[in-house]
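For reference, chains read A, B and C in written order, and residue numbers begin at 1 within each chain.
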Amino acid sequence: MGAASIGHRSDSSVRGRLVSDGRVRLALGVLGCVALVAIFAPMLAPYDPRLQLDISHLQSQPPSFAHPLGTDTFSRDVLSRLMYGTRVSLTVALVAVFLSATFGTMLGAIAGYVGGAVDAIVMRVVDAAFSIPAILLLIVVIALWGNLSVVTLTLLLAGVGWFTISRLVRAETLAIRDADYVVAARALGASGWRVLTRHVLPNAIGSAVVSATLSVGNIILLEAGLSYLGIGVRPPTPSWGNIIEEGSTRLSDVWWLTLFPGLAILVTVFACNALGEALRDALDPRQLLPAHDDAPIRMNG
Amino acid sequence: MRRYLAARLLQALGVVIFVTTFAFVMIHLAPGDPIAAALARPNITDAMRQEWRTAYGLDRPVGEQYVRWVANTARGNLGFSFSHRRPVRDVFADALPNTLLLSGLGLVLSFAIGIVVGVVQAERPGSGRDRWLGRVLLVLYSVPDFWLALVILMVFAYRLPLFPPGGMTDAVMYEYLSPGGKLLDRARHLVLPVMTLAILTAAGVARFQRGALLAVLPSDWMRTALAKGLSWRAAVARHAFRNALLPVITLFGLAVPAFATGAIFVEKVFSWPGMGLVVVNAIAARDYPLVTAGVMLLSVLVAACALLADLAVAAADPRIRLG
Amino acid sequence: MTPPLLEIDNLHTFFYTDNGVARSVDGVSLHVDAGETVGVVGESGCGKSVTALSILRLIRPPGRIEAGSAIRFEGKDLLTLDDKAIRQVRGNRIAMVFQEPMTALNPVFTVGDQIAEVARIHAGMSKRDAMAKAIEMLRLVGIPAPEQRAYEYPHQLSGGMRQRVVIAMALVMNPALVIADEPTTALDVTIQAQILELLADLTRRLGTSILLITHDLGVVAENCSRVVVMYAGEVVEEATTPDLFAHPHHPYTEGLLGAMPKVGGTAERLATIPGTVPPPTVWPAGCRFRERCAYAWDRCATEHPPLYQIAEGHVSRCHLAAEPERRAHPHQPIAAQPGVTAA
């Protein structure tokens, strides 16, 4: 039974497990809807998110037919702000995760493959970074630098997101580095870069994707948290976090302003986490294999 | 064991050095300097600022400033808070016990709940109760901390006014209460923030405990335990649980960062006068020394907790203790 | 005639995996008489370990023992016992010795504790009495300074010592049957002999029967009175040890014997049998050994061979019993032909 046939079989069963997993369908459905809202916000939103509808009274109205999610304290339509906020929050999270995943994967693969001092330095930095909550690092940077553009915020979020992925990819790389076929490829004169891109990365990509999917949720939460503290995405640009922040001062009466954006975050992050877990289970189905089998016979080493 | 101890201590020290250096670099890279930021009022002349700079040694070379910064930090001299108009250290001395009270209660409660839920799930993996609890936990795990705090506040303090909406004590009545009444008042103020923290962290602990148990269930020694005649429940409760507890102790250390984060939001939402609220208010007040020192202190606390957790694991795991 | 101590009758144990149903044990019948040591040999994946685990119902999902199987022991069918009753058999009347002494012992409990646990479960001993019993057992299996060793953890003991601990654990309740699943595979050659000697000596003194699962015919030759050869989930040959070694009938057994090193050494033990065991999800229709067999003919592709009686107490699952003249004309097995890789 050749390696190719094993690989093929597990590939198709990974897909099979994903397709048959209810979590995947639910998560993809939710994320698809959220993405559609983000993309078509200008068309879907009933009002201009910055338009103050009733500038003379500036009163928040509870949810009604005209404003399904009510209006905010500046008399703006919450649904429209939420839709545009989806755009901002989702873009920030996706771009940040893409950047951090790419960087983390490359760094992890290089550290694991090269080993030695490079590996030691990268891993010590990761250890140190792990021991400090990301939000604390961000608070210091943002508080000292003051007003940050959304682009800078995205870069900062990417900057604190790569640790987990690089650690995972490094572990995978270490495991694969000394596999027979990698050693053979090297012996046949393949360059380090070629071995890295042809053999190491394809094997590490699974766990990188799982980790990236899970970190989309984390980054959304992080951005929302910073925006809630008033140092993330700043008004009047709407984001899920800063709409909640606006509502948090009027919890006793303007409850809709806090409730709905939070639900949007919850549903989106839940979908990301569910998808990430389903991916992980599909790629790592050890618990589905027979618990006991004959031990491998010791033949020819 | 001794080698392990030394390595682990060195690592914790590395984190502390990293954090302090990071804080120093941040302050120096930031636009302007602490004096400019703090004394940005128009009635202060450039000459006065220059005088201040000299007084604080900000005109010295960066290397010298760094050494002085480290020395001061080590002595507990964390700078002067402009918004509180008193030394940072004094501000922290007031806030830290409040944070420790809130976090300590939250940690104990969340681990108690989390471990029980995780064991209940893992004992019958894939069963109906495992799947349902798993879904609930994933929802809780996906919930934004500050939003959960806000919703709890909204429901239990405003819609159903069962508990006070914030603070540690009743602002008006506390002084007039009997000792027992004072205690009750404090307890009532603790309920919502502790509950929020406990729910948030318990979800993570339960997921971790379940995973740790599931990881050891296929072990050969579980099969041995069953072959001896132990019931599945007894084998899980005795053999698997003892093994799965080790990673949970590590998690205790790792949960502290999450707690520091949670504390920031929970303290802000419930106006709990702890470290988190101090830091958050300092951001708004642009009180940089306070922000930096606060973050530094929280980070060092986190590193210390992780260290303690690892030492606890080393003490509990015979393979490390005697290896 | 007294019934055998253990009688496995038509055992089917299947695993329901994503890649199909693995019929790991597919109609195995064998028996062990009181005081007897029976060897079960076969390559990795032949179902011998699953058979062993099935006896004590230690098969976990997705594995399942199929209806129609029976495992009779001391007058009871183990497969119909309720949970409580089977637990009273496990570790008490039937004990197991596992392959890897490192992983078979729980790393966070002392070895004494783990041995004492058996006495506490089945004899209801107090903590103190059970520990005394554990120390006594450690002394019995030849561990020096047992009073000290009992309070040590598995990682502080050598591999051989650990396996002695596992044996001590198995013998606490003086069981009627010990199932030893590759008890020496993970150990050094010199230690292997010691452990087997210890097991044989103790069980002889205690009158215990042993079901010895192994891939090593050398181990069988020295320890067993009777041998069951398994291949691809089935019994393919059964005979007394001298008979099997002198007159192997099944080509697979022949292959195993031919591959045995003459003097020591473990390298290339099975190298002379070309090909590998087919995966248990897709057993071939006819003879499961056909592709690796030097005598296979068309009958073997279509007709699944039954167990033919060869001599008194000697059975073989090979059509050669019906057409013995074919043994004169061996040919290149399909699996050894160039360009053919096993399915």
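We adopt the following convention: a residue touches a chain if its C-beta (ideal position, glycine included) is under 8 Å from a C-beta of that chain, and two chains touch if they have at least 3 such contacts.
Only a predicted model underlies this, so the values are computations on that prediction, with no experimental measurement involved.
Looking at which two chains touch through the most C-beta pairs, you get A-B. Every chain gets a centre from its CA atoms, and the centre nearest the mean of all protein CA atoms is that of A. Measuring from the averaged C-alpha position of subunit A to that of subunit C gives a distance of 49 Å. Computed centre separation for the pair subunit A/subunit B is 23 angstrom, with centres defined by C-alpha atoms.
Centroids of subunit B and subunit C (each the mean of its C-alpha atoms) stand 53 Å apart.
Multi-chain contact residues of subunit C (touching two or more other chains): 53, 58, 100. Shared contact sites, meaning residues of subunit A that touch two or more other chains, fall at 291-292. Counting only residues that touch two or more partner chains, subunit B has 223. Residue ranges of subunit B in contact with subunit C, taken from their complex: 219-221, 223-231, 239, 242-243, 246, 316-319, 322-323.
Interface residues of subunit C, counted against subunit B in their complex, comprise 53, 56, 58, 83, 87-92, 95-96, 98, 100, 103-110, 117-118, 121-122, 153, 155-156, 166, 169.
Chain contact summary for the complex, subunit A toward subunit B: residues 124, 127-128, 131-133, 135-137, 139-141, 143-146, 217, 221, 224-225, 228-231, 241, 244, 247-248, 251-252, 255, 258-259, 262, 265-266, 269-270, 272-274, 277, 286-287, 291-292. Of all residues in subunit B, those touching subunit A in their complex are 11, 14-15, 18-19, 22-23, 26-27, 29-31, 125, 138-139, 141-147, 150-151, 153-154, 158, 214, 218, 223, 257-258, 260-261, 264-265, 268-269, 279-280, 282-284, 286, 288, 291-292, 295, 298-299, 302-303, 306.
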